[in-house]
Amino acid sequence: METHIAKRVEIVIEAPLERRLAEALNTAGVTGYTILPVLGGSGRSGKWSREGQVGRAGMVAFVCLIRPDRLDGLLDAAFTVVDKHIGVVSITDAQVLRAERF
Amino acid sequence: MNEILSLAGSNLVSPIILSFALGMAAALARSDLTIPEAVAKGMSIYLLFAIGFKGGVAVSAHGVDATLIMSLVAGLLLSFIMPLLAFAILRVLTGLTATDAAAVAAHYGSISIVTFVAATSVLQGRMIDAEGYMVAVAAVMEAPAILSALWLVARSGGSGRIEPGLMREILLNGSIVLLVGAFAIGAITGEKGLEEISAFIVSPFKGVLCLFLLDMGLIAGRGLRQSKGVLGAGAVGFAVLMPMIGSAIGLGLGMLVGLSLGGIVLLMVLAASASYIAVPAAMRVALPEANPAIYLTLSLGVTFPFNLTLGIPLYLAAAQIVTGG
Amino acid sequence: MNEILSLAGSNLVSPIILSFALGMAAALARSDLTIPEAVAKGMSIYLLFAIGFKGGVAVSAHGVDATLIMSLVAGLLLSFIMPLLAFAILRVLTGLTATDAAAVAAHYGSISIVTFVAATSVLQGRMIDAEGYMVAVAAVMEAPAILSALWLVARSGGSGRIEPGLMREILLNGSIVLLVGAFAIGAITGEKGLEEISAFIVSPFKGVLCLFLLDMGLIAGRGLRQSKGVLGAGAVGFAVLMPMIGSAIGLGLGMLVGLSLGGIVLLMVLAASASYIAVPAAMRVALPEANPAIYLTLSLGVTFPFNLTLGIPLYLAAAQIVTGG
Amino acid sequence: MNEILSLAGSNLVSPIILSFALGMAAALARSDLTIPEAVAKGMSIYLLFAIGFKGGVAVSAHGVDATLIMSLVAGLLLSFIMPLLAFAILRVLTGLTATDAAAVAAHYGSISIVTFVAATSVLQGRMIDAEGYMVAVAAVMEAPAILSALWLVARSGGSGRIEPGLMREILLNGSIVLLVGAFAIGAITGEKGLEEISAFIVSPFKGVLCLFLLDMGLIAGRGLRQSKGVLGAGAVGFAVLMPMIGSAIGLGLGMLVGLSLGGIVLLMVLAASASYIAVPAAMRVALPEANPAIYLTLSLGVTFPFNLTLGIPLYLAAAQIVTGG
Amino acid sequence: METHIAKRVEIVIEAPLERRLAEALNTAGVTGYTILPVLGGSGRSGKWSREGQVGRAGMVAFVCLIRPDRLDGLLDAAFTVVDKHIGVVSITDAQVLRAERF
Amino acid sequence: METHIAKRVEIVIEAPLERRLAEALNTAGVTGYTILPVLGGSGRSGKWSREGQVGRAGMVAFVCLIRPDRLDGLLDAAFTVVDKHIGVVSITDAQVLRAERF
């Protein structure tokens, strides 16, 4: 099956910033992403867990598949939001089916 | 004094407080007892809906009296001003940065609705009536403190930013909308509406509150365990001192406004309590440099249990003495 | 006419309707108020179990009368035939493709159990009895409309496919199984069974319904906000017209079958209501080319609120006038 | 004998049992009916809290009598010793490896709190009182069986390891902490505490139990469907035989200890029931080589339904005959 | 530690198709996969979120680790289900421990 | 935007072992990870699903981003826990922003 080169960007970011990151991506022309829930984790700011939380606590994970030439725009957009916040950004080489969608 | 102690004692031996203690003990002992996030959120939605609705019904029953507007104004004032006071105290007592101090201050200007609910329970147990619209006062007190805190940071040369969407986000956050909305529904449908759903929002209320406090205990305990060493004695002292100062101001304002004994106690509790749901989320957006471990531990790990166990009976006793009620 | 208006008015001022309105308003104002998915699903399981159980108990109490079978047949017929009618109307009023029109038609042939539950509440509030087995009629009406819609697509040369697993999946979908299963349990255990669990399934029922409608309002409002521009006036017109046509047919069939006033109203409501849970999922499997934004917005964003607020009192008034009840 | 059958028959026609049957039937028919994980966990927290609390209140009301300590010791003994017996029987009846047999044995030495709750319901329905502290006996029986199983594996040359954290993890697992904690709260706050929250933990209890058993039925049915072929006749025979043997020992011990008829039946049920929550999780940590499909299918797919439907009335009848009660 | 070359395939697909995709994978001999919940997302068919949903709404994410030579079979199988539906498929080079399992 | 080479390790492991894996990672000096919930899956030990489960059933997924030179330590640590248990470990080449965090 024919596949096309793409980048898979994974952004783990604090839940209260979810709307902002979505808007920043939108503004940068990135309209395709998937948001995964996160149960808990550990990092420089310590351990946390979603269990029993009432507020908008914890992190969520954005996964974006994107054409390689659009990566920089995405990262710039993401960086304005992630910058001072708790969160990590990683990029992986990937291939996608149906390239016209990205 | 004896009476206060016995009041505090009998307050401590309630299923509500003991459920909180159980949760805290379980977390400190590192039990794997947890309440699923969805269930905890479901319970908080239930509690907000029920407390708002009942408040609205009370207003529809007793009518809007002259003190309502003044109480709302008093609440607004408290929420705007208390962060300034809290900030000043924190700068004296602790070595927190301006940003951290402002973030903590925002929490103490805002309110904890569960502490409010627990106080309502205690009043009911002692057959002390309170104005139904105190729920609306609680709602108006949620947000202003955030603005004061951002102003404090800006003044200190920090970079708290009130960006476009933030104000709407703060004012329309889920708990305010639900509390005010349920209040409105209660006010519109009145006693008749209450009758239809009281088997849901009145009878099982205290039981749900127990399980919710079990969860709060679990979270508070886990937070305490993980933030060992983050807080100095000054900060912990603040978390006990500030509620007392807040409640004293609340007492004064409540008398000025002309609230009943019950209403005064509730205003004291609102002033004394610190947010741990709405404000933390807003701080992550507006003051990301502030350390969440500090404000969450103080608010949920120290002030919340203090109010729940000792604070409420203390404020009630103080109000009774001062008003002679 | 006046009476209809006052009926509609008093219907509007109920905690149930107002909770829906609150949810819708919160979503349109872009509040972040949300109810966790698990809690929403939990409430829907509760409602299906309770309504099914109570229907079964009613049948066990009053016995199976001659009209039961005829009512089930009437329900089946309605569900099979209404999609054809809806499809024809959509092709005239709107520019939807055959596939989209068929998908929408499937929703209107099927039913909304929450609308049914709300109608039951209104009848109870007016002390109007209804046949307990109307719950079973609701259950048989869930699925047939899907088959009609697939047939319509096949006839238009489209590629709706009833592949092996689909039929079983449709007939054994969770809500049908739970509704029919609880009905059977209610019928078997009767009044004695009801007594054991009525503090769970009867007393708090309306309150749970309020929170559930709050959630429906949130989803409907979010859907409306996001689908701005997707729908033309023709489609929106359809979503108001079709319930009225459906209810008129339901009225005729209900009288023919010999149902009581309450039973007629419920059959009207079933005919008038549109699915937004079972059918959408089936459509994603069977008619993936159909646009979900269209059918969900019409069903949940337009028809559901219409029925809830104006439709139910209208159908009741019509039934009262026609039957002279 | 006739009486036993009619008892079993009337037991079967209860909403609780039928809800379990509905869940099992839905799963076997491959319906997509499911209860969200969070809701299932929420219900189990509710049930543990309620049953613990009520047990504590009962103790506070009737006082601690001499048999309490002896009952706890009896429970401990049962939990320690039954795995040895179960292991021996399994090695004779089945071809399971020592590790698998030990893992299964751990489940049968421990208890199923839902079976206990169902038995309490049956007793209540027949107006048979039981000692409130049987809940505490249930709690002490949860964990010891795990130790016996690990000892059995070590003896057989296997590699079950009780590593540092494991003991604490087992003793402080969520369900034990909640059950014991709620028991303590009930004992401390007594009738007064119960009154405050009985609209939450008493009235709706049976209804919640129905939905919970619906879920258990779904899981048990799904498990049975997926583990077809995993189990031989010997293993299935064990899952029916072992509860009877366990209950017989429980009967003897209960009489020795001097429990009331109700208390004896509950001890029998505890002995007869098999864990499917706490022990499976412990086994994954301590005996990862043991096959979960085996122990879960036996415990939840065979023994649980057996006890629920036939076991409980059988044990009650046996206890009535033997004690002449 | 010794690792072995594999492919990581991630398929984000509508929840109502979960059972069908699982069956298609099975038929293609792919019996190892993990299903992750998805909170929400955005794509050509708009934004969506799982919150408050009662029906089987939204997407789920399948993650399959597979020997490279079996990739084509997997993609063919997945494509029969994903084809006309909403959903994205991406492939990443990966390494796995314990190759005998894949 | 400047990125840095890293490894993305994904460990799908039984939920009852979550605490142990976290501790093993900690001991190996890996303090950054994110835990994702898992809905269900399939493998050599059959199919499973989280739905309706009361106990600590099912799996969770750990995602660790790590400097390449620390990979072996991580895998060794993970292996002590995953070893006899149900679970899979995969590694992908990735890039991260803000390398100082890893």
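In this document, chain identifiers A, B, C, D, E and F correspond to the written order of the chains, with residue numbering beginning at 1 in each.
As a working rule, a residue touches a chain if its C-beta (ideal position, glycine included) is under 8 Å from a C-beta of that chain, and two chains touch if they have at least 3 such contacts.
Please read all numbers here as calculations on a predicted model, not as lab measurements.
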Ordered by label, the neighbours common to chain A and chain C are B, E
Intersection of contact sets, chain C vs chain D, gives B
Contact tally winner between A-B and B-D is B-D
Interface of copies chain A and chain F: same or different residues on the two sides (over or under half shared)? different
Maximum distance between Cα centroids and chain C occurs for chain F
At the largest C-alpha centroid distance from chain D we find chain A
Averaging C-alpha coordinates per chain, one finds the centres of chain C and chain E separated by a number of Å equal to 34
Between chain A and chain E, the Cα-mean centres are separated in Å by 18
Chain D to chain E, mean C-alpha position gap in Å, rounds to 38
Check: chain F positions touching at least 2 other chains come out as 19, 36-37, 47, 56, 92-93
Residues of chain C that touch at least two other chains are 32, 34-39, 41-42, 169, 203-204
Full set of chain pairs in contact is A-B, A-E, A-F, B-C, B-D, C-D, C-E, D-F, E-F
Chain B contacts chain A in the complex at 34-37, 40-41, 44, 165, 169, 215, 218-219, 222, 226-227, 276-278, 280-282, 284-285, 288-289, 291-293
Chain D contacts chain C in the complex at 13-15, 18-19, 22, 25-26, 29-39, 42, 203-208, 210-211, 214
Note: in the complex, chain F contacts chain A through residues 1, 3, 6, 8, 22, 26, 31-37, 60, 63, 65, 92-98, 101
Seen from chain A, its contact residues with chain B in the complex are 14-17, 19-20, 45-47, 49-57, 84-86
Per the touch rule above, chain F residues touching chain E in the complex are 10, 12, 36-44, 47, 59, 61, 72, 75-76, 79, 82, 88-93
